[in-house]
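In the two assemblies presented below, subunit A is common to both, partnered first by subunit B and then by subunit C.
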Partner chain A sequence: MKLLKKFLGKKEDNNYMKDYRNLEDTKQISSKLDDNLSYIQQKLNHPSDLQKMYLKDGKALLVYLETLSDQDKVNEKVILPLSKMDNNQIQIKNMESTGKQHTDLHEGIKQLLKGHALLFIKGTPELYTFNATAIHNRSVDEPANEKVVRGSHEGFVENIIININLIRKRIESTDLAVRYYKVGERSNTNVGVLFMQSLADPEVVKKLDERLKWITSDTIISPGYVEEFIEDTPSSPFPQMLNTERPDGVMSDLMEGRVAVMVEGSPTALILPVTLMAFYQTPDDYNGRWIAGSYLRMIRLLSFFLAVTLPAFYTAIIAFHFEFIPNDLVLPIKASIDDIAYPPILEALVMVITIELIREAGVRLPTPVGQTIGIVGGLIIGDAVVRAGLISNVMIVIIATTAIASFVVPSNEMSTTVRILIYPMILSAALLGFVGITFASMIILIHLCKLESFGTPYFSPWAPLKWNELKDTFIRVPVWKMNQRPSDTQVEELNRQRESRGWKKT
Partner chain B sequence: MITKRLGQLILLLGCLIFTAGCWDQRLFKEAQLVLSGGTDLTDSGKISMTVSLPYVRKSEQGMGEESVQIISAHGNTPREARMNIDKKIPGNLDASKMKVVVLGKKVTEQKIYPVLDVFYRNPKSNLSALLAVAEGPAKAILSKDSADTPKVSDYLRNLLKSAETSSIIPTQNIQDVFSVMFDPGKDFMLPLLSLGNVDIENSINNIKGLAIFSGEQYTGEYLTPEQGVLFQLMDNNKGRRARLTKKISENRDPEILNYITIDVNTVNSRMDLKVSDNNEITVDLTTDLTVKAIEYPKDQLTNRKEFNKLNESLSKSFTQEADKIIQKLQEANSDALGIGRKIIAFHHDTWEALEWEETYPEITINTKVNVELVQRGIIH
Partner chain C sequence: MSSGNNITQQQLFFLVIQAQIGVGILSLAFNVFDTARQDGWISMLVAGLAIQVAIVVIWMLCRRFPSSMLFDILSRLLGKWIGNIVNSGYLIYFTFTAAAVLAVNAQVIKNWILPATPSWVISFLMTFTGIYVCTGNLRVLARFFTVVSVLLVVLFLVTTYGLREANFIHLFPIGEAGGMKILSGAKEAILAILGFDLLLVIYPFVQGKSSGILKKVSLANLLVTLFYTYTIVITLAYFSPNELKLVPEPIIYMLKTFEFPVFARVDLVFLSIWLVSVATSFMIYLFMASKGIAYMFHRSEKHYKFVPWLGGMVFIVSLIPGNDELKVSAMSTYASNLSFIFTMGIPAFLLIISYLFRKKENEVKADDN
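Up next, the complex of A and B:
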């Protein structure tokens, strides 16, 4: 690990961005309108979308970015009220929507970049900003990648304000803390951090604060960037933060004492710290009744084991331990693999990679083409490859089952992890049979036990084993049985409810 | 520098996988499975081994045609004979899915452990294979294919399994036999397979009964299937079903009215062992059966008197049958009930003083079978 760190070593150079941090100091506003205008134009590199308007016989100057500001709002808030006034007496204070007064031109430019309109008055060293930001948002539709059958169909959008609004509507509490960070030295991206003050572990909040402040990158495009900057173990195949686009998911995580990180321009919230189990829980488990929830939970966990071990298991059996095959299956399996030219490991790898190709080809293509690829890939190749004698049909069954099982995982990140873990498993099964599978599983388990997400054990509640928290793992016990939050987050207040079914059945 | 090291490390790991990899794999597709095997003794005292090899062709829809090849070879030991078979076939002979092992009569007349040693020594051999004795040479049994099931291994296995279900033979595989084989206080019995008909064309493999072994050797005596069922009951070893047909009267007409067929519901068999001061051993074997009538054309079971008479006559005739079995076992010197085992456990001094093999045929074994009819069938 140290070797790798040295190899990737960080270069210390903080000067390369000095020129662009030039709005930090203050700049006096000139009483001449044209001076201010030319300064702004120079600072913004003479943008073509900068709208300037002299009003009141040249006594006032209105500046705004037409691409950021809403023309109607500018009209309504600035131009119309001004036109009603006497040319000689411009009283900003009398206007319906009073502009904010600033004396620092740099502050004005910052506001301009947010879509505010700037108003300069001739002869005064101050400016007024009017909020005229244009809002172009898609609706808070259900995220396509995290659909639920029942429950809330709201999803986050690309606007952090709306996203936080969705959370605040759900948690009407003074306890909800919202902190903004400016991350990205050139892009100045808004990053929001949300947590419940009385629940979240202050240690985690402190760590997050420190790590966010360490980010010196000039651009933050997505939460994926933030995730890579702040996660504990970058070399682990397991995601250590949960990505979600669902407000109800974020709400329940906040209520468990976790912290949500949102990034302007992306509908994804990062949840931290998380455990492995979090990737196998969906809101559907809690929207339905507990028996159905438990059943689905078990199916999903089964799919995890199937997806990771099934091809390895089959490879080990036909390459090492074929006495495991049940008597009645011996001859059918023998018939199907007898004429296959390649050893089982190649068979398995070729099929796994083919499935990945079909998936990857289908992801980015438009739906009609994607479906065609699916049919051509899945049906035609699958059938032809068996007829051609390249792959045995039992292997097709195994790999197809594995592929389906790997997509059962609710989280896309975890699904990818599972599909990556197949390779070392198949390889070790082909090298050493069941012994190899045992070794590979042991290494994965050791890694899981060692892994931490912001100082909390990733494999909790299995390691460290907490018996009474297993009630939300393999099964999901009724909600009224879960009187305590999971303790992996070092939550400040463990109890979340008292007896909720104290009433008598009559 | 570090990049170079890393490169070397990756190269090393790659080499490890690609050079050392897969050295101990045994590919299923390269194995030539043996599903049943038989061992015979040739006239010159050599071991002759016969195996059945299944072949399947793949077709468009899964499994295609099946065919079975029967191959024999000689050798001084079973392993050598097996190696000689391996020379005659493509692929590596693999016995790990062996279903049935048949021993020819000649082999079993000697001690059988040396012939079976090869199964117990190899960790890959299938210890849950079934063991049977052929009335003649094992090769004849294995070579006899029936038209419906070309796989003789499946045929024999199903034959033996169904006999286990109907309590004709005990449920035992090669592993179970091994533990009894060297037990001085217990003997085993193996199913006896026969081609039945002398006319080879119409013959079909069937179970002739239970071959009685004394120690490791076949005595030549056997229990008939009906006696086999009763013996399993006396041994408290009922399979899923135990069904017996008994003649209970002589003079009715038509002949069919003289018979009753019963299903045994429950069985409780007790062995009372008495050892006198001068080491004389008496065994009281009491078997209580509750049965239901499943075929009794004469009926009249509603008549209390008739009913009691039936219980009595059934008990009597079963007791007689049980006596015959015990007599047969004692003559063959086969302690299949495990009386010696009890003496070792409860009367160890007696055991030490006795030579069991000589004593066993002389001891007194009293049998009593009590039959109680509890179900008459649904209509009556």
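Up next, the complex of A and C:
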């Protein structure tokens, strides 16, 4: 192995961050303005967007990045106050918005990269930084992939400050803990960790802290990066963290003792630890009344079973257990599949893949074209393929139902998982019929029982079985019945309310 | 919650239920009818009672050693050498039973669902599933067993459908077979509900008071006995005595005649679910064997390292009888005869020794009451 590595020319990799780590040490500020300026220019590789301005007859030097800083703020905070002063005595302390004083030039450069303006005074070995960061944000619109009928229509944006603001506005409590981490050794991305101090399991917080500190990647582009670095079982098809863009969702998860991770530059929050059930709950279940909520919940869980088993079930029946079909149905089904040249497994696979093609094409194209793809793909191909005698009618019905069922899942990640699981199910059904389905389902179930996310059993509350927590799974009992939080997170304080409908008894 | 392997008493309850319900249920009614005639259901109740006694014996033994597994108890009571020999005996018993379960299961699947598929394919899949679950810890097993217990409700409902055409005149006259016949029928019935011996191995991993453990295991045994008695009563009432002689797997023959508007073949549903129950029995024996072998190699904490090897061995042993039905049934008879020794004989013997020589674990743990 060592030889091979040598052969491939793998070098000691301690040097690779040499060129940007050099801001770590300190650098004295020169009392000559031009020296400082040329040092900054050299450090930043002579950027074209670096603005420099000599003020007060060359006694002061103002430096900022015009692409990061707001011109108006610079004018208002630095240039105007300075212009009111006497040329001979520049008193930073007298200014309305005092700048921060630094003696380390490298620290100044770091601030410069955040959009601050630097002010050097001739003859003094110090600089002043003024916050003039420009803020460009889109509005807090409803996320397109997590729409609700009723309830809050706010969604996260790409700015972590605004996102945490949205949470803080909802939870006015001293209990809400916010921790920042700098992740990404080259990009220095801000990662925020939010949790309720008195609810979240300290063990989970500790694990998360440890795993975040382990990340040595130089860039963090999205929460997806963080997720892959910190998840427990990368080989599992099931997502072990919930992605959401909804502040109200994050709030309710925080209140169940879970932890939210947010990444600067992305509107997605990661929730952990989660259970399978979390992917089937939506804010809508709780925004409406409990009967409607329960009904929707049941439909959604039914969709899970349909999406995973229906095509496999049908394939098994056609290929192995034709006697399973009741007498009255035998003739119509036989008529439909009689002239088909291919075995059911091929039929099923071809149709499943066609639907995936249509879906993927629809996602990447602009909306009007996407709709056209849907019509061309869905209606025309579906109709023509039956007329051409390639695929049977019943198979189209089965696969279309499956596709719709797989899109019912509120979470996009889980929806993909469900669609991936279809393949092993169909294959095992085509190989061994019902026996194959039983074995495949057993292995999926065992996998779910084995899976843990930050120490939380993934398949809770079914396995381990907790009777009194089943009330928020198949059905959603009235809010005033849910006196306790789910215990899967090892939440510190289980009770969440006393008797909220006590007035009925008085 | 931190101590990796512990399970709750509720999980123990489901473990015992799933371990007890297994291969036997299919031919149970046929076997007891063979000796006890229409009083087969009484045999079943008697068998349940006998098992209950055996459970109490095992529980009394384990209670004296609340933090040791069977293998540990053996070497404490019998000394290192004899202990190791008996340990190996248990290992062989667990492995052989697992292999017998595999062989019978493959035979049934071949006869009833997949006649053209080579039976080793089924055994291989079963072994693979068993290895996959057993490489986890006891908690994974317990979770899985608990989840699949829902399926037993389906088995119960499907069987209940037989009541529609049941003719209870077939059960009379009650007690005609006579005491001896009923007792020897009970011996057949005991074979179908073995599996409670898992208590020997997993007792130290169960949380809570020992009296609670006895309650949960007894309740599980009671439920399984009642469920089996129920299926026997229904099949006895459904078939006439002359028919019953001809159908070795009466419950499937019965279900095969039913037709629901949505699906026509109930027996396929029944067998698919039954397959899960068989798998759980197989898994628990594989698990116990892996615990035992890990103990003998002084690696008790890393039983999962032995699981793949053990699984491979069980798979090979299960292939020995081949496709010969007689050999398969001979294999399961051997396994059952072994089980009398290992689940009732030896534990009773150990219990007597431990009382005679006043050997018990130091009451450091003191969870007894």
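Keep this in mind: the second predicted complex is superposed on the first by the 489 of 506 C-alpha atoms of A that agree within 3 Å, B and C clash if a C-alpha of one lies under 4 Å from a C-alpha of the other, contacts with A are read in each partner's own complex, and residues count from 1 in each chain.
The working rule: a residue touches a chain if its C-beta (ideal position, glycine included) is under 8 Å from a C-beta of that chain, and two chains touch if they have at least 3 such contacts.
Since this is a predicted model, take the numbers as computed values, not measurements.
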What is the contact status of A:433 with respect to subunit B (first) and subunit C (second): first, second, both, or neither? both
Check the residue A:125 against both partner chains and state whether it touches subunit B (first), subunit C (second), both, or neither. neither
Looking at A:323 after the superposition, I want to know if it touches subunit B, subunit C, both of them or none. Which is it: first, second, both, neither? both
Give one of first, second, both or neither to describe whether A:202 is in contact with subunit B, with subunit C, with both, or with none. neither
Between subunit B (first) and subunit C (second), which does A:58 come into contact with in this model arrangement: first, second, both, or neither? neither
Tell me which partner A:446 touches in the superposition: subunit B (first), subunit C (second), both or neither. second
Is A:234 contacted by the first partner subunit B, the second partner subunit C, both or neither? neither
Per the contact definition in the header, classify A:47: touching subunit B only (first), subunit C only (second), both, or neither. neither
Going through subunit A, the residues touched by subunit B and also by subunit C turn out to be 320, 323, 325, 327, 432-433
For a test of understanding, state which residues of subunit B touch subunit A in their complex under the given definition. 2-3, 5-6, 17, 20-22, 24-29, 31, 33, 35, 54, 56-58, 60, 62-64, 66, 96-97, 99, 124, 126, 157
Subunit A touches which residues of subunit C in the complex? 1, 8, 10-11, 14, 109, 113-114, 117, 121-122, 125-126, 129, 132-133, 136, 139-140, 142-144, 146-148, 259-265, 268, 271-273, 275-276, 279
Subunit A residues within the subunit C interface of the complex: 320-321, 323-327, 432-435, 437-439, 442-443, 445-447, 449-450, 457, 459, 462-465, 490
Within the complex, subunit B is touched by subunit A residues 3-4, 6-7, 317-320, 322-323, 325, 327, 330-340, 343-345, 387, 393, 427, 430-433
